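Following this line, the structures themselves.
Consider the two complexes below, in which subunit A is the common component and subunit B and subunit C are the respective partners.
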Partner chain A sequence: MAASKTAGPATSPRALVLGGNRIPFARAGGAYAHASNQDMLTAALDGLVARYGLQGERIGEVAAGAVLKHSRDFNLTRETVLGSALSAETPAYDLQQACATGLETVVSLSNKIRLGQIDSAVAGGVDTTSDAPIAVSDRLRRALLDLSRARSVGQKVAAAAKIRPKDLAPSTPRTSEPRTGLSMGEHQALTTAQWGITREAQDEIALASHQRLAAAWEQGFFDDLVTPYRGQSRDGNLRADTSLEKLAALKPTFGLGLDTPATMTAGNSTPLTDGASTVLLGNEEWAAAHGLTPLAVVVDAEAAAVDFVHGVDGLLMAPAFAVPRLLARNGLTLADLDYVEIHEAFASTVLTTLAAWESEEFGRERLGLDGAFGTVDRARLNVHGSSLAAGHPFAATGGRIVATISKELHRRRAAEGRPVRALVSVCAAGGLGLTAILEAV
Partner chain B sequence: MSDTYLNLVNSGFTKKVAKQLGLPQPAPLRRYRPGQPLLEGAVLVVGRGTDADAVAALLSGPWDLEVHRNPEPDVRYAAVVLALTQVEHPTDLTAPVLAAAGVLKSLTKGARVVTLSRSSVPDDAPAVAAARQGVDGLLRSLAKELRGGSTGNGIVLEAGVGVEAPSVVGALRFFLSTRSAFVDGQLLTVSSEAGSLPGSWERPLEGRVAVVTGAARGIGASIADTLARDGATVVAVDMPAAGEHMTAVANRVRGTALQLDVTAPDAGERILEHALARHGRLDIVIHNAGITRDKLLANMTPEKWDPVLAVNITAQLRINEALLTSGDFTDAPRIVSLASTSGIAGNRGQTNYAASKGGVIGMVRATAPLLEAFGGTANAVAPGFIETDMTARIPAVTRQVARRLNSLQQGGQPVDVAETVAFLASPAAGGVVGRVLRVCGQNMVGQ
Partner chain C sequence: MTDRLVELGGVPALGSVYARTVLSSGRLGVQRRLGRAPAPAAGGGAVLHVGGVRVDATRLTDYQHLVGEPASDVLPAGFVHAITFPVAMALMSSADFPLPPLGMVHLSNHVTQSRGVRVGDELDVRAWARDVRPHRSGTQVDLVAQVRVDGDVVWTGVSTYLAKGVTAREQPGGATDDEREPFVAPVPTGRWQLAANTGRRYAAVSGDRNPIHLSALAAKAFGFPRAIAHGMYTAARALADVGAARGEAYVWTVEFAKPVLLPSSPSVRVAPDGDGFAYTAWRPGSSGPHLTGRVDPLR
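What follows is the complex of A and B.
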């Protein structure tokens, strides 16, 4: 075959996870109350640069995003790069896919590496609910814009006269779904009731999350994954001493208006959190040139979405559809996974997803399989804890999970010398879900 | 940390008042900047013999200084070198010492006096030993008389070490330069002709990979900056909780940050693994990480005693052992440990700290011979009163007094410790083995 100038590389490079860095996650209004998204993302990025000696380096591309974002932060990631120790010649772009933002930056940058477009990348995400943007009401905004366009005194008076006292109330961002007006918690309460998930089962998930995350901190697992920030050196939401009794004592906060007993509490739901995370990606050649040990390969990814507005599926159930398609495409089953990371938006999100996969009916009717999709071994689920304990700064969660599980994959493979795989699953607003497979190197 | 008193006695009305009252008048010290000339003025070399001639030739030749062998009138000397290695009787000191005496009143500010002498040993004829040991007392007293930020230090050559040995030349340059601004009244012994002169005196650590523990703040951060300025690639190590400050240091020096508790059992292996994987080698380890838990011994508890020894000495021993047995720390390696004047002279309330720092001094003395076969060294630096966050917490009056209790009448800066560490880590210091060099402005306590 004649050589073509447009042909890509003979074998496409693999996209490797080389490491990560995040700042400890803090409860909203806590240690990072006065830090902006750009401050936190810069801290996470600079910590990554320091850990891997990337000062002045021109990285292929940096992609990151935030779910709650000021309009002035239109170029948040590029501005972060310019304020970091990386070369100012490093390109960057913002990305947003609600809570899947962080994982999507990993997936899309990995794809660019696989295509040979870039040799290295930093994926990331950040969110603050402490420094959330507050906008003016639509009526006030229109009146102010009219006022700015007004030329004569008469026009100005007329525009100003349209402003009513109630228009002055600020419009704060909310986590409610634009199409249903329900908060994410109320949506999940519907799904929880639909699948008959008990309070006890949810509290057990929450307890395991805290215990496992606390154990990981104690073992120093995060020593090369987290850099302290503003005096915070561990995740602020972590309650190492929580117990089933303490969790059982909390009053339910979601699903209070339903016919079934309300089961979702502040203990088995993620709190509002501030934080930022980054993941270093690269191909083999770049990793070797920088003396970096690859941890994992980003094998494949699959996004899904559910029609939660008109259909029967709950708002956060999209991963239940994405994972079967992803595993089938890669010739894998749940049994082939050594680790399953399911983002704990709520404890019941994890449980309704697992219940759907264990349901014969769901398997046949919604997934088109012969029967139930399968069961996840709980010992492989969220082994170092997840969002219930660490907290969930929306766009930063994907990077936290990918960096943490990649380190664990590498450690396990080094110990056992066999292929080791992990599934990462993140649900998101709008009925979205994003899932990915990582394999140890 | 600013020294308000020092600023007051060096400006305007308050300067006049201080002078009339006879208050201590510490002079602002000039610190090293790359590109700075070695000396800003002529140097007087006194002493007779082949060694004195060789030193004069070095200063006027490769170092391009204006060298006088006899005092000339109306010259303000920037340095006086007393070449006394060939004295054989105390009376041999008379001529060179009195020649030097004549120019002391007209030295430039921040001038340098350096003696070169030989160590006295029991095998010496009594008169020879008396002459050699006499230099020790002479230098220490002379240093106490110097004013205006000038310092006096000595280089002591052991048997078989010529004045052109790399470490003699390196130490001479260090003592003449502003790098040694807060080193005063010290005698540094050179034991062998090991070591090599750097390709560039500005970048003596080019191509070397250095690990600095406790690098996030204070003296450790300054050591990281200084080693990097001298050309080294720096691995900054500190507790995971200190990561935020360490990130700033690592990014500033374009090195890498390793969040690690030095008391971890595998700390040495992890440091080596990191250095080899990221930078391909490891040449220099600076044991700077240290803590204090002050308590009178009568009130001492295991909670105050154990961590101080664990961090300040046990961790260093364990890390050194890992490096020495690895086979990867063999290219003229350098270990420099932070001791303390408390470990030499003792300090009330610091039995734990002083035990650990005294331990450091013993450790480097016994570790140096283990490294000699690879052209390696182990040495310690003992800081006196240094202006850091730690000393800023000392009550104000106590702090003011502590600052003045040395010949320079002021506290040193972290960079003063760092410069001395950098010198001992340099290729030229290969003949300095198992020693302790004090950075204390000639503190009145201890040796």
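What follows is the complex of A and C.
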């Protein structure tokens, strides 16, 4: 029987992580202070192109985004492609889902690959707090727009007369939640207090992050994942020599107005960071045609959101809901995961998530399970360090995590010859969370 | 050519070079009018040398943003030109340079970028003059700048200048004539919006503060109705428009015809041509282009 022209392929192609490249992350105001989002994303992308020999290639699609974005960067990713060594005939689109932007580019491009719409893709993200957009005040903006529409001299004078000196102050982007007026740190301080997370536990997470990231750099793990940029060759926030004593000496910065002791410091919170990351994706055929070794399969993903506005759950707790749903759908438990990557927005974000999963009450009442969801083996958690040490250029974090853990998955599978899995979890503003399962190839 | 290597302690500041240039031009001009100065001689002279030149990443970023390049760690060939320019200017303003430096017209430029120059590279810069030769409206000379990294020549720029009205001592074969074909405007691929402050902005990142680019008033003193855009700025815009397709090794040429009076919004065409790209910028309705050139991969 002749196959129908509209029937899809017998088996869907798998979406493979083939590699990644980022620029070292720099502290805000540091080596990349004058570099724009487009500059940094181009540097990361051109590094990827050079590493995998993709000069002049037409890629299926490139998707990337930035959380803090100039309005002139409405086509940031396409402009980046045009300025890169990829073929100018490579399509691209911008995507934005707060700090989940980078991971969502991986997920949505993987879905296109799985549908057979594209055979290859580059996912990415970038953010700069050094070159952040500064807007004029709403009153000044309205007056200027009225002025531009004014026809008569009288209308022009009337429009201009509305401008007050205080309207001239620029408005800088803020990281506070529009609906609650609380910064992300203040929100997390509430969640930290709710779950009774101690200062010591947070500092231990921060210390492990620095020590593990430093060890990975020392071992050369990042040599084929990072391209130096503007004289920066390692992550600028990394403090290899930090200690519990040094971390304990820092003054708390969030939760100062609460009735419980403030425990969140600059040491156990991520700093403002500049950076960009990219991930190369493709199906088996494309990978083989380009002589590339697949590292991991993007198996599945799950997003979640919480009602933090009314205090039902903490702002950054959505992954605590997404992961149980994701694992259940795939017939997996926490014990089936060889690696658990939980983005360290704050050390306490990791700890409140783990605490929620270990709580009988949360499991029964919020997750609808028979009891606690489970316990994560700390030895499998953020094995090469995470955002506390590397820094967190918002949209670039997802790509950093996916490329890093995909390389680790492949290495582990080659060593042990058995299936190896990783969970990636990223929390985001607006009470969002995005999680994904990767499996070694 | 007699290779008399003259070591400079560092890349000279262009402000002082221009000051000396004005003085020496004035002096030579006066001496010529009085019939005392020697007529320009063709041939040899000094090779100026500055070693250990480091790239200022902030200045590079500013340059890249201004000309429309992504802020890559690889230096655009035009930025290397900007680095070498003060050394070439110092050569022009030295006492034994055969032509009066100020008011010289930049006719063309030919750059060979044989390898990418990167942030962090240590640049060894040399500059010399060669080939003083007649032109139908004066005398032209090539200023050659060469950059080495780790001993290898990575960038060579030949800037051809014209000293109007200056007659060289030796004129074998008479003045050359460079009649151009009649200009037929091509289909544009875009348009450059060049604001009145374009010259001042390029001066800030390139260091080339030639007064004809800075203000209408200063330009008038040199016979231009308004400030004119730096030729190398317009050529750099064209190079940026070619983009990453040029690769890291390429030949970038430009011939300057009509100056770009600021402000201006010339039409441009930057398009594949043969193995490389050809570009032209012109004012719609004009009888000739502002500039034409090519960017070709080096093979």
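By our rule, the second predicted complex is superposed on the first by the 438 of 441 C-alpha atoms of A that agree within 3 Å, B and C clash if a C-alpha of one lies under 4 Å from a C-alpha of the other, contacts with A are read in each partner's own complex, and residues count from 1 in each chain.
By definition in this document, a contact is a pair of C-beta atoms (placed from the backbone, for glycine too) under 8 Å apart; a residue touches a chain by one contact, two chains touch by 3 or more.
Predicted model, so just to flag it, every value in this text is computed and none were measured.
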Three-chain arrangement built on subunit A, subunit B and subunit C clash or fit: clash
Which of subunit B and subunit C A:328 touches, first, second, both or neither: neither
Which of subunit B and subunit C A:144 touches, first, second, both or neither: neither
First, second, both or neither for A:42, with subunit B first and subunit C second: second
Touching partner for A:182 - first (subunit B), second (subunit C), both, neither: neither
Touched partner set for A:293, first subunit B, second subunit C, both or neither: first
Partner chain in contact with A:224 - subunit B first, subunit C second, else both or neither: first
Partner chain(s) touched by A:52 [first = subunit B, second = subunit C, both, neither]: first
Which of subunit B and subunit C A:85 touches, first, second, both or neither: both
Touching both subunit B and subunit C, residues of subunit A: 43, 46, 55-56, 85, 228-230
Subunit A - residues contacting subunit C, complex: 31, 34-36, 38-39, 42-43, 46, 55-56, 80, 82-85, 88, 228-231
Residues on subunit B engaged by subunit A in the complex (per definition of touch): 236, 240-244, 246-248, 250-251, 254-261, 264, 277-280
For the subunit A and subunit B complex, residues of the former touching the latter: 43, 46-47, 49-53, 55-56, 85, 220, 222-224, 226-230, 233, 290-293
Footprint of subunit A on subunit C - complex, ascending: 57-58, 61-62, 64-65, 69-73, 119-120, 243-245, 247
